[in-house]
Amino acid sequence: MKKTLLTIKSTLKLTDDVFKTILEGDVGTLKAGQFIDIKIEGFTLRRPISICDFDKNSITIVYKTIGEGTLALSNLPNGQRLDVLTGLGNGFDSTKIPANTKISLVGGGLGVPPLYCLAKHLKGQNINFDVILGFNSDKEIILLNDFNALGINTVVTTADGSYGMKGFVTAVDNKDKYVFACGPMPMLKAVYKVSNGGQFSFEARMACGFGVCQGCTIQTTQGFLRVCADGPVFTKEQIIW
Amino acid sequence: MKKTLLTIKSTLKLTDDVFKTILEGDVGTLKAGQFIDIKIEGFTLRRPISICDFDKNSITIVYKTIGEGTLALSNLPNGQRLDVLTGLGNGFDSTKIPANTKISLVGGGLGVPPLYCLAKHLKGQNINFDVILGFNSDKEIILLNDFNALGINTVVTTADGSYGMKGFVTAVDNKDKYVFACGPMPMLKAVYKVSNGGQFSFEARMACGFGVCQGCTIQTTQGFLRVCADGPVFTKEQIIW
Amino acid sequence: MVNLSTNLSGLILTNPVIAASGTFGFGKEFSSLFDINILGSFCTKGMTYSPRLGNPQPRIAECKAGMLNSIGLTNNGAKHIAEHEFLAIKNYFNKPVIANVCGFSAEEYIKNAIIADESPAVGLIELNVSCPNVKQGGISFGTQTTVLFKLVNAVKKAIKKPLYVKLSPNVTDIKPLAKASEEAGADGLSLINTLLGARIDINTRKFILANKYGGYSGKGIFPVAVRMVNEVYNSVKIPIIGMGGISTAADVLEMMIAGATAVQVGTANLIDPFACKKIIEKLPILCKKLGIKTLSEIVGSAR
Amino acid sequence: MVNLSTNLSGLILTNPVIAASGTFGFGKEFSSLFDINILGSFCTKGMTYSPRLGNPQPRIAECKAGMLNSIGLTNNGAKHIAEHEFLAIKNYFNKPVIANVCGFSAEEYIKNAIIADESPAVGLIELNVSCPNVKQGGISFGTQTTVLFKLVNAVKKAIKKPLYVKLSPNVTDIKPLAKASEEAGADGLSLINTLLGARIDINTRKFILANKYGGYSGKGIFPVAVRMVNEVYNSVKIPIIGMGGISTAADVLEMMIAGATAVQVGTANLIDPFACKKIIEKLPILCKKLGIKTLSEIVGSAR
């Protein structure tokens, strides 16, 4: 964890209510699957957002304007400085991938951004994998071009069939695969049930985001674990469902 | 009363902790002795400040940075827009001046600003008057040049004798005069006792500033009066001391 | 078209927004800023039988998320108010108002309630048993169930108009007090009054309020108010006017979902005299966005 | 040089700033950010005898001026905490800590207090009789004077270290509870714990907390805390650790002037992990500005 001041470089509207913001500054050491916690002027608690991409001195986030906080964030001008905690959470761990196993990255809605970061990372390690992204409709598709630009075979499912396969991400067969999944709880659960093993990124309402308040704690096979500090990524073995 | 958005045109440092700020915009109808109530971002209640000068589209205020609110105000950049209630309070009433009576304007410290506005007004009506301004020391003198620029005979007293007459404003004889006084309570009381009659501008902790909360109400010879709406200027006849 | 109307024991309001007692005077100052007939109603300043100056100055203190007041029921006395302030209301407001009635003895409460009951301007009487700023009376009626029951019962018998009891949040358990009011015949409840708080000037080491402690109101008390309105909603059958820190249309909906049939907006009026107007203008837009067609249907829908 | 030291029943703190229970974990996370030895001390997460997961998710809700939590005393159990967490503290903190002790019965409170009493890491025991998030036990001990007296008395007899009782603000009158604690042998008092509050999502009409109600903390509760600390200061002779919404050095002074011998900083740590550090660095500067040479002299100086 690092507390740092980052500057908004740009904010781009991806869909009606999803924005991509690039933050610049001393970002610290980062990892795919980690998140940052942003203090937005006028709001008490920080807003946790996954890292969608990063380099030495920038972090890209992609977020939906769910409520007042993310809405305010999306309206901040370029050049605005933000108080941010970076490098939060454990992140995805590619060293845990079993040998000779096919890998699948499964993302749903706003669970897609951290998988982009992971995809880039795996790609850099010459690890092969499939990507399955699920959305409600074609209007809500995000980051598909970015995955394609990485030269990754990406399957898209939409609930209403307006793009790609009609249905949910579970329509794609992942039985023998090691999955990295991020998305809404029902999706994670469904993927968990049909997967061989893998890593699942959780969400929780957080107060601190760095492990001291127990706000986000859940029951796991290893006892009480904090989504913010012991997660947000949990292995299939840890999860109780 | 009028609720309006005013823009900071300039802020000038007059002494170590006293600032003069010019606000521009649709200021409404104003009168010497009235005040404005300024919403400062980050503070719950508005800050009441007397009108030191005004014209059709600007208001000048002179204020001391007592606490966090006025400090924040003094640090706001030019061009910043402020939510302001203007034209609050009754103001000084020159029609009440008895015939053939000498007039004296008596100000102490941050009570001086509204008297500048009054002086300008009286001058415009060709009414003659003296001005006595009291400060703690020469370092705290404000607006003296402005009074002089109006061509007004201005007596200054300082408590430590570092400028003008040593002592308090009551050192100057006002017995036969009709006074317009503004300053700290002890000064007002002292002036009240030695004056023939006059108008005294009060202060009070205010919540609304426009007469609805009774926060500022005081006992007068005419019953309960609100400093913000029935004052801040009270006549000698109204005051119970 | 969203239906915003709400029903307080027969008093139909076109919308649930009522300006709170002590923060709206008798409405006159606001009527010079906007047409206050857009309000559901407004609640007048608490009245006692004899005129009262109230507590010594200063009696306002700022807080980070609200303010303290120790006004102490400044008013010109019930008779004067009925004959002057109430009488003048019709010149700028054409709906019934809510009269906030105080007292220092059961007899006085009854006398004042009758004066309000007989005033044509008044549509509903709010019995203030929760003013934290007067030593005798007020709050002492609002913290003991048996005392409260007797008072409410006696007042109810003496008047014809709907009687709402305004409860204090400064209690271990508000539910028995709500129930005692209901059993005594109250037509409804108003809550919450202010929380007891204090601020001290660290320079002078003096309490900012001359009275030392005062009533804490504004945004900072909203979560406490939502909880208490919900607790009381689950304990009684009579309608609740919910208040405490409301400053937006979203706050109004949250308070209604918690259990309030109507709401009062207090401190927000002091900071922005157009607060009620803005809230009322935003309400239908917000309802539409949330798919709410009849606002009163959300009352107590929290789950 | 300003003397910031303060004395809690023999436990001398170099400065009055203590990180509050439940908002500082066991200090480890913070120790990786700054040298936490600058703190007066810190208070550990409330412990029960058996491990507890606590309440269902979600258990955090944001408020305009603070937050709600319904953690429900998540902890690994007193024995595990003593053997692991307490034991590890010496690796990053070289002063005695304050152990926050909970329970669901008098016997359990005693057992847990003894475990804390026997841990070398612990300098003072804070008896939490005011957790609003657990149904049985906790708060029920903190709202009735006779129950509280018995509990405090029994715990006091079982331990050697100073015993502070942490009181709830959700009561009609806090003074009798403070006095009962004092008479039962408490060495000091801690106040306030959280106010009971609720928030509702107007989109889903569901309470944000799975538990519906939770404890309200942060800036919004400061005026209530200042008032209660002052009330209690005027009622008892034992020292008070004051808390509730403190986020600046000025807040620390205000709380001490109200009557606190030391203070705890809670929610502020969650929003800014450097909050305590900033406050501690600002304290001597602010004292100097105000002409305060010995900080402890201002305790209870409000007038």
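By letter and in written order, the chains are A, B, C and D; residue numbering begins at 1 in each of them.
To be clear about the criterion, a contact is a pair of C-beta atoms (placed from the backbone, for glycine too) under 8 Å apart; a residue touches a chain by one contact, two chains touch by 3 or more.
This is a predicted model, so every value here is computed, not measured.
Participant: Check every other chain and keep only those touching both subunit B and subunit D; list them.
Facilitator: Touches both subunit B and subunit D: C.
Participant: Take subunit C away without moving anything else; what clusters of touching chains remain?
Facilitator: A, D | B
Participant: Which chain has its C-alpha centre farthest away from the C-alpha centre of subunit A?
Facilitator: B
Participant: Please tell me the distance, in whole Å, between the geometric centres of subunit A and subunit C computed from their C-alpha atoms.
Facilitator: The separation of the two C-alpha centroids amounts to 47 Å.
Participant: What is the distance in Å between the mean C-alpha positions of subunit C and subunit D?
Facilitator: Centres of subunit C and subunit D (C-alpha means) sit 34 Å apart.
Participant: Which integer distance in Å separates the CA centroid of subunit A from that of subunit B?
Facilitator: 59
Participant: Where the CA atoms of subunit A average out and where those of subunit D average out, how many Å apart are those spots?
Facilitator: That gives a centre separation of 36 Å.
Participant: Check each residue of subunit C and list the ones that touch at least two other chains.
Facilitator: Correct list: 63-66, 219.
Participant: Listing for subunit B: what residues touch at least two other chains?
Facilitator: If we look for residues of subunit B contacting two or more partner chains, we find none.
Participant: Testing understanding: with touching defined as stated, what is the shape of the graph linking the protein chains, line, ring, star, complete or other?
Facilitator: line
Participant: If you go through all the chains, which pairs of them touch?
Facilitator: Those chain pairs which touch are A-D, B-C, C-D.
Participant: Under the touch definition given earlier, write down the residues of subunit C that touch subunit B in their complex.
Facilitator: Where subunit C meets subunit B, its residues are 22-25, 29-30, 32-33, 45, 51, 53-54, 57-67, 69, 71, 74, 76, 208, 218-219, 267, 269-274.
Participant: Mind listing the subunit A positions that touch subunit D in their complex?
Facilitator: 1, 3, 39, 43-46, 83, 85, 204-208, 210-219, 223-224, 229
Participant: Per the contact definition, I'd like the list of subunit D residues that touch subunit C in the complex.
Facilitator: 63-66, 68, 143, 170-172, 195-200, 202-203, 205-207, 212-213, 216, 219-224, 226-227, 230, 245, 250, 253-254, 257-258, 290, 298, 301-303
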